[in-house]
Every structure is written in C-alpha cells, then in structure tokens.
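Read from first to last, the chains carry the letters A, B, C, D and E; within each, the first residue is number 1.
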C-alpha cells in the first residue's frame, strides 16, 4: 500500500504550505500500534495544528531514542525502559507522554503449549533479547510468580528472530510485545498464540510514548504542544474507529502487515491506553513514572535513577505533570 | 632400452600444424615427415620461427597436429608422452625450488628411487658446474646456469628419447663444448634417441648422426644430411675432419649463412 | 651525440659485486676496471655465471656496486640511467602487449614523438623479420622472435650507449649474421657506444673494436684485445681476414675452448 | 578428458581480439554455451525448492512456495523495483568508491614501506570490526540518508581490493621494473604501463569479491536505519513473518549481486584477455 | 628514495632461508622494526580518541573514554576472556573449514570447465545473499549451539578463498604444465608440486581476507542467537547502552581479527619466501 501520505488525505489531510515539517521515527517497522498516526494524518489532525508529518519506520526503540538525541528526527515513538537507560546514560531527551500506559511486555507462547499460568513455564525454554527491559526484568517476573531463575532455560536471540523461532518450536515461549507479535504469528502460521502480561504480575512499566530532545523542548515548546495535542486526538479518534485507522495505515504505510492483522494489533493495544482510568491518551501520573523507575533500578541496572522529572515532561499532554 | 624393439623411435608423417587466432592464422609446420631410427641423434637446424620448437612439442604430445600423425616408440602420440625427456627452450624452472630440488622434480613426478635419483642429481650438478648452488633459487642464477639446471632435469631419468630445444643456447663456448662432449658420451653409453634443436651448425654436425635442415615459416624439411663420423667424437679432432668442413659448408649454404660453422 | 663530449663513455673502477643471501655469498665481480671510449664497441665474453650480466646491470645503475664506482657519459651512476638502451638476456616482454606495442613501450616511457617512433618501430620490425606479427602477443611467438622484439625495443630510441646481453643467443646463424651486419651499420652510422655480451667468439670479434675476456666466477677481466679491423665489416670478408683467425684463436685459448670460432 | 575437439590447436579458444568484438554471432553462441550448465544447476535447485515448499517439508512461513514469491514480486513489482534500484544505486556507488580508494591504498602500501607499515594496521582494523556493530554509530553520525549505506558498502568492499591490489602490484617481475627504470620511466609511468596491468589478474579477483560484498554492505546499512531499499524490505518482511516477501527481497539482492559480479567478470575478460588464466592450457595438456 | 643502505646488493633483504630461522636476535630486531610505525599510527588514533572522548566532543553514551573501556575490560576480565575464547574458537574452526572447502571448490572449478560453469553460480549465489539475512534461518534449522555460528563463519569466509584459489590455480605458466605432462605426472602430482605452490601467492591474499571475515561471521552468528561469545556481549552492551562494554567487545573482536591475520601473514612468509612480492626490487630500482 504505497502512496504519498500527504496527498490523498480525506477531510483536509493536506497540510498548509507554511506548516512545520516534522518527522516521527517509530519504534519499529510498521505494525498496528502505529495506525493512529496514519489516521491522524489522514484525518488532518496534524494539519490542523500546522504540522506536516512524515512517519518513518524505526529499528528498535534504542535506535529511535538515539536518533532523537542526535536531532535526526523531531520526535520518536519509543518504549519507556530503554528511554530511562538512555537518559541515565546522558542522552539529552525526555518523554512528553507515554501512551501505552500498561506495558505490553509479555511472555508469548503457542496455545497448544497449554500454558495458562506462570507455573506452567517450569522446565520450558524461553527466548529473549539480551539488553532489553523484558529480558532484564524476566527474573523478577519469575520471582513474583514463585519461580526461580533455574526453573526455565533462557535462550538469547536477536529481536527480529524471535517469532520465527517460536513458530518453529525452537523455544517454548518468547519475551515480547503480545499486541505486535501475537496477531502476526497467528496470521502467518495459523497457530494460536497466548500470552502472560508482565503487568498482570505486578511488574507494570510504562510502554511506548513520544520522545523529544531537550533542545526541541526548550526551543520549540509550542510545536511540542501542538504535536502532542494532535497525537492525543489521533489516538482518541483511532480507538473509536479502529477499522478506519487501520485502513488509513493500510493506504498510506508501506509494506505494513495485512489489514486484518493491523486491526487486531490495534484492538489489542487499545486496553493498554487505560483510557477509563486516565481520561485522555498520553496523560501519565508521577506515580506511574516513579514505579517504572523503581522497577528499572531494582532489576535492570538503572543507576543513579533520580526523579521522574528527569525523564518526563508531562506539561504538554496535560495531567498531573503539567 | 625399449626403443631397440621397434624399428622407428620417432615417426612423423605428413605433419601440419596451424595456429589460428582471431587475428590471424600461422602455419608453423607444413607437411613434415621424419623417421628416426632408435639410437639416432638428429640435429635440427632452421631459421628462427620456422617451427622447430613446435615439432618437438608435437612429438612430445604437447601440441596436437592439425593434420598428420606422430608415433613415438611405436605408440601413436595422442597426449603427453612420459617416455621422453624434454629440455624446453626457456628453462621453465619452478621459482620456489632450489637448483637440486628443481632437478629432482623429475624423480618425484616419476616416482624414482629417491636415494639413487639424489646421487644422480649430484653427479649432474657436478658435471654441469653448478656445485655450490644446490640450494640457490632460480632468480639467483645467471641465464646460463638456469639453462644447465633444466638440462640436468631432462637428463635425470635417462629417458629412451630425449627432446632438446636449444639446450646450450645461453652457454659460453667452453661450457658448451664440455657439455656437448658429455652429451655425446651419454648418447653412446645409453643408446638414447636424441632430437636436438640448435642454432650452432658446428654443434649440429658435431653431435648428430643426421642433420635435418628446415625452411623458413611455414616450416618444411629442406634436407636431411647424414653425418659420417664415428660415434665417439672429440672437438679438436672433429674440427679438422674434412667431412665436418664439407657438411657445415653444405648446411650453411642451405640456410643461406655466411659463417663457417 | 653527447658522449663525444667526454673522453670516456663508460668508466668502471675497481668494481666488486657480492650477492649475499642468508645461505651463502656469491662474488659475481671482483675488482673489475674498464674504460670505454665514446663510440667504441666492446664485446664481452666469459664463462657462464662469471658476472657479465651483472656488469651490464651495474653500468645501467640497476645493481649497486659493493665496492668501486661506475660513471656513464661522465656522470656517476647512482641509480637507473635513462641514457642507455638495454637488451636483457631474457626478452622481458609485457605479456599483455602485442609485438609493436611492446617495442613502442620505449617511446611511450620516454615521451618520444609518436608518429616518428611508429615509423621507426615499423622499420625495425621489418628489419628483424617480424612483419606480419605486429599484433601477436608474446606467448604466440617463438623464442627467437621474442628476442628480436626485445632487440627492436632496445634500438628504438637510438640511445648514446647500448648495453646488450646476448641479444642474438636464440637466433639461427643466418638471422644472426644479418642482424650482426645491421648492428654494425647502426653503430657506424650513429656513433653509439656499445657493450655486447656474447657467447659467440666470432660474433665478438666481428662486431667489436675491443673484446674483453672475463674469468670464471668471481668475474675478473682477464684480457682486453683490440680488434684491428675496419669499422665497416662484412662477414664473408672478415672471416678470411688473418686478424680474425688470430684473434678468435687467442680468445678461444683464453677461454680454454677448442672450437675454431 | 581429451576430446577430439580439444586437440586441434586451431580450435584453441583464443582471447577476444579487437576484430572479434564485432563477431556478434559467435559471441552470442559462446554466451549461450556458457549459460546452459548454470541453468541446469539452478533449475535443479529451483525444482527442489518447489517440491520441498509445495509439500510443506518446511512450513510456508519459513519457506514459501515459488508461486507465493512470484505473486509477491508481481504484486509489489513497482515498489520492489524501486527498492532494488535504491540498493543497486548504493551498491554501485559504494563499490566504485571502494575500488578507487582500495586501489589508491594498495598503491601506497605496495610502493612505500613506511605506508605499508603505517596504513596496513588501520586498514586491517577497519576490516576486522564487524560492520553490523558499527552500522548504528554510522547512522547516528551520518543520519538516515544514503551516506551511511554507501559508507558501509565501501567499508566492507574495501579490504579485498586492497589485499589483492597489494598482492598484484608486488608480484611484478623485477626484470620488468628494471626494464622500466632503464627507460627513465617515472613512477607514474611504471605504474600505469607495467605494475598496474601486471596486477590486474590479482586485482580483478579482489574486485569480484568486493562487488558481492558491496551488496551486503548496502543491505546492512539499510537494516539499521532506512526507509527504502531491499534491506529495509527484508527487515519489514522479517518483522511481519512474511516469508514470501523475505524470499523476494533475498532473490532481488542476489540478482543484483550476480549481475554486478557478471559485469566485473566481463570487464575482466576485456581487460586481461592476455592472461594465462584466460587461455586454456596447451591443447593436449589436460592435467 | 635510494638510501645508502638500500644500494648495497649485499644488504638486499633476502627471503628467510632455513638457516635464518635460528637467527633469533635478527628476527626479533626485524620484528621490532616492523612494529614501531603501526605503533605510532595506532597511538595517534588512540590519543585522538582520548581527547575527543574526554572533552565530550561525542557524548559518552556513544563514545566512551579509554579509561572507561579500560575499567570495563579490567573489571570483567575473566568473563570477557571467556567470551573472546568462544568467538575465537568459532572463528578458527570456521576459517579452517572455509579454507579447506574453499580450496576444494577452487580446485574443482579450476580443473573442470563443467564444474566451473555448474559450481560458480551456486557459490556466487551463496555469497551474494546477505548472511545476516539468512542467519535466522540457520538458527531455526540448526539450533542455538555452535553449529550456526561456525556455519556463518564458513559461509562468509568461503568466497574469497574460492575466487583467489581459482585465480591462482589458473595463472600457472602453461609451460610448467607442459613440463609436468612430459614427466608423466598425475593430476594430483601436478596439483601438489606445480599448480598449488604457484597458486599460493594468490591464495594467501584470499586467506587474509577470509580470516578477517570469519571473525565477522562468528559474531553475526552470535548476534542472532547465543548466550556466549563477543557477539552476545555486544548485543547485551547495545541493549544496555553500555558504550564502554560495546567498545571493549569491539576492541577484543578486532584483536582476534588482527591476531589471526598476522598468523596468516606469518604463514604466508613461511610458505612463499620465494615469491617476487617477498623480495624487494633490485637495489637501485626504486620505482
């Protein structure tokens, strides 16, 4: 589904000539979670804020955060644990609002494994990518569920390689984002996938959100506000009409997953916004950030953690940070 | 010697060789026929580029005839023959081997008895005045020394048929005469059939039982002259023999040369 | 010719060259001194491996003396000299160039006028009997033809000093004589100083104004013999000249050779 | 192994001479003759793949059927062509730069002992660092444009050119260098007319390796940060477990690699028709 | 460029001869002499890095200071040594296999026209497919053990060996083959005593490229699925944004690559002391 995202927006999708050119680098190659951005462009929500948005695929949240830090993209769409690591390592970036408030980190496995609770994992092999947050907090998750590290065998593998290995049965389970990989595996292999969310075992860390550089935050505060506003609107509208959002993505993104997978992925992402408890998408509380920081310090070698304000500027999204 | 069992050691019949490239076509040999009886010593003389080297290579089975046929020791030549010793015009030494090991290549390839081959190699090195250079690599040798190494290599296995392509061309008169005398001795003692290409008319007559004169390209046999001299020859003696004078003059005339040898 | 301005074209003084390898050390030349007047034609004869090639290479500035010094046209030799023409013992042709282009390499390197060099190359090709092979690659040539190409290349630029290392070794008697006569003519007409290494005593005497005889390794100058013959020489004539007979006999004795040339 | 056809010296395959360049018919025939064997082999591989995938010896999400791949290529033809073009472009530029820089470096190394000792370690250092490891750094420094991809192609294709260039330049027959010196040739002349042509057979072997590596370099660059090119396509396909697309991308990459390799081979045949490796052995010598 | 030292033919550097092997003092001196230039260059690069990182021309999360890297290496010494050992092991096995298989393939290609036409396309095909792209497939098929890493090392190091082997084997002087034929040599003898030694200078150039690529292959294999080895360390450091660890891993990888390269160079010096490339040009010829 190729095409110029700017040209064929219905309902005033075209941005005004004097609009700010903005690039958003995603956390990964396009999957359903990204549909709201395409929806926003298609519906003209960004144009309404004077923004001419270009959406670029990414290659992992870490790389996206670095691209933001190096000013190679205006905004990034990235996961929170690597963001914390990056900021602790000295990257001049901040979150301006996490949208997936309930972390999508999960253990995924084929349904025929008959795993229904963490205890069933005993003796299984689990694939994970060294260095990512799920991998780092996995032992804690095991512990929280009354298992010890020796109860499962962890196999290390590259992120892009996980789903093939799971589908092939090389491993019994993988650590991953259920709302991304689940539908993909089901669609491709016809095998049902089940999952256990880390968040459900008390290990809830914030998920993906918008990242901007300190530079942008101080020099173009207004642009940040406009962008966040437009994004919030895009998400709010997208989850109301998931098929339309998925369709917008199918029309304008390139090499995206099939439409039905997009829909499924977005449907699975919707509860993670936790709209019933926070009101608007992307509005976080200080407590959420403190909890995530605490977990990361405890399990993922996040050193000299500091305050939430070091990582998050909630003023643009509204809510308690503002 | 197996060659004594057949009545011709080398039989070349109606041989034509044409080299064709996209650019042009060169007839190197044109209808050459030559019978060599076992134990004969044939000297081949002819102008540069007339096909002498090509003739030897055809006999060795290294170049295929365009038309005509060749047989060696009664066997038709259809591929490389191992019953020969070949001294190439260029020394063709392995640059990674020393003098002695270059000579012993012959023994290694033929699976000869090592100890005996070694002794023989040392004798040949001594004979050709290469003593002291046993370990020297080819690039550390003079042109004449390289040629002598190639000569030793061709002689090492005492082949029934020896093909020699100007083996003494890079040698001084003295060394050349000494080695000529040695070759004469080896030929007499072993009964080897020898075909020798040379540019020295004196050498051709001194060594050969027959001298074959070739025409300029395309190479044809112009004349074959028998050398009526005793098998055992000595330079000083042969030089003064009237047959020698007559023959060299005759060959010189056939080649159109003015020099007296 | 610039060489007429100095009283010595080549001056070799107390030259010793030792090649040392980890294995051994070879003294190629031992205390050699040689003065060559401009326009002279020096023939150098000596046993194989005595250092003749080394001597020429030292004069050309390709090999450095271990002790002693060399000067060329009044200039001390400290590196490769471009005032010479060098015909190497091996043909040293570029295998990727045809005959004509191999000859013209000389012109290209020296930045000679292209058209004139081309004309001269064609004349030399004609002279050496290579016509028809202008485009042939070296591997398509016979040994003698390759040598003639190298000869043409050395003559192309009419150098004031010519160093020739057995340039006719792979040629038949007739071609050799023809080219000898040509070389004699060129030498007379251009006044070139020539140093020629040869194994043919007759050639040495026929061409040279002086014949230098060297001893076996380590190479020393044994004797220098003046050739009292007119500059313009003809083979048939020279052969019968008593001076020729005396000289060749003398050189032959010095070299220990039995042959009459 | 000696066939009657082989033994005719007149039939000896000879290097293409100027005249032959126009002999199109013969050239075409030779070309077709050179093609049937690889065609059979590749055909066999293809059939094997077909059978294996149609019978699902391997699941389709790992190994698609030829039909699926074909459908993908046909379906996304224009987009795939665009991505192929991008990768091809990066590869060619990268390869050309690597050739030029590699040769220049080889010259410095072969000519100067000091440069040899000083440059080789750096070149070696640049070679042994896995490019995939430094690709992210390059992207961070040079952005998401073409630059980092071309740079990776250069970095990865550079080394074989240097190594084979040095080997080739050093293997010049010392006597040819002496010859050149007596002609008063400048360093540049000696290089151009003697050392360089002499090094060509070595060098072309290096170029052949380099051109295939350049493709890999460009693709690796696209892996790390790109929104176009076959590497990007591959990444997407991988993420989507879209094996048909994955194979299509792999197929196109290979095609680019093979195509460029063939171009280099043709160039080699034109540049060094004189070399022993391009003549066949003397007719009757078969070993 | 002609120094008085150069012009003495007696001082001409000569290939290492048997006797010289025991002349340890001289060899050590030559070795030290060969070292100071690279030491200066690498030292300069090091100082540049030091200054750049200490002054934070680049942020520390991208480029750490030498001190940080040193602390990491010293701190994790035994674990890093273990991971290095794993990578070294995979690399060496992979390289050896690639050498053997590559040479065998080169022989088949150089000896048989049919094999040439039939094998080359396959070899080429295997080369142009980016290894990083098929690494996952290998892991899926062969599991997470050593096998896929070694296989990747082999796959990636194979091609240069084949190409240079073919070039070397084909470049044999036809006259030497004729010589061999008149000696009644078997194919095997001709290969062992003539073609192979003749191919060595070419081949070693290929081996040098191959050995550095083998390191890359092993590391790529570890990227895709491993729990040990420097590739794994790198992945971990990357995920943790631990630039000091990343640089430490890169440093050790490079060290392995350089070490193995030097081993191959020494081997080359021992195997082909006779080759023109190992002699210096005739004393006075400097161009």
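Here is the rule we go by: a residue touches a chain if its C-beta (ideal position, glycine included) is under 8 Å from a C-beta of that chain, and two chains touch if they have at least 3 such contacts.
Since the model is a prediction, treat every value here as computed from it, not as a measurement.
For subunit C, the chain with the farthest CA centroid is A. Across all inter-chain contacts, the pair with the most C-beta pairs is D-E. Each chain gets a centre from the mean of its Cα atoms; for subunit B and subunit D, those two points are 47 Å apart. The centroid of the Cα atoms in subunit A and the matching centroid in subunit C are 85 Å apart. Put simply, the C-alpha centre of subunit A and that of subunit E have 42 angstrom between them. Residue positions of subunit C with contacts to 2 or more other chains are 19, 21, 23, 57, 61-62, 79-80, 90, 135, 139.
In subunit D, the residues that touch at least two other chains are 15, 17, 62, 136, 140, 173-174, 178, 180-181, 185, 223, 238, 275-276, 279, 282, 284-285. Among the residues of subunit A, those in touch with two or more other chains are 66, 160-161, 164, 168. Of all the residues in subunit A, the ones that touch subunit D in their complex are 2, 28-31, 56-57, 59, 63, 66-67, 70, 72-73, 160-161, 163-164, 167-168, 184-185, 188-189, 254-255, 257, 261.
Those residues of subunit E that touch subunit A in the shared complex are 59-62, 135-137, 139-140, 143-144, 223-227, 232, 235-243.
Across the interface of their complex, subunit B is touched by residues 19, 21, 23-24, 26, 45-49, 53, 89-90, 129, 132, 135-136, 140-145, 148, 166, 169-177, 199-202, 235-236, 239, 252, 255-261 of subunit C. Taken together, the subunit E residues at the contact with subunit B in this complex read 15, 17, 173, 175-176, 178-185, 189, 193-194, 197, 272, 274-276, 279. Contact residues on subunit B toward subunit E in their complex (touch as defined above): 57, 60-62, 79-82, 84-86, 88, 90, 92, 94-97, 105-106, 108-110, 135, 137, 139.
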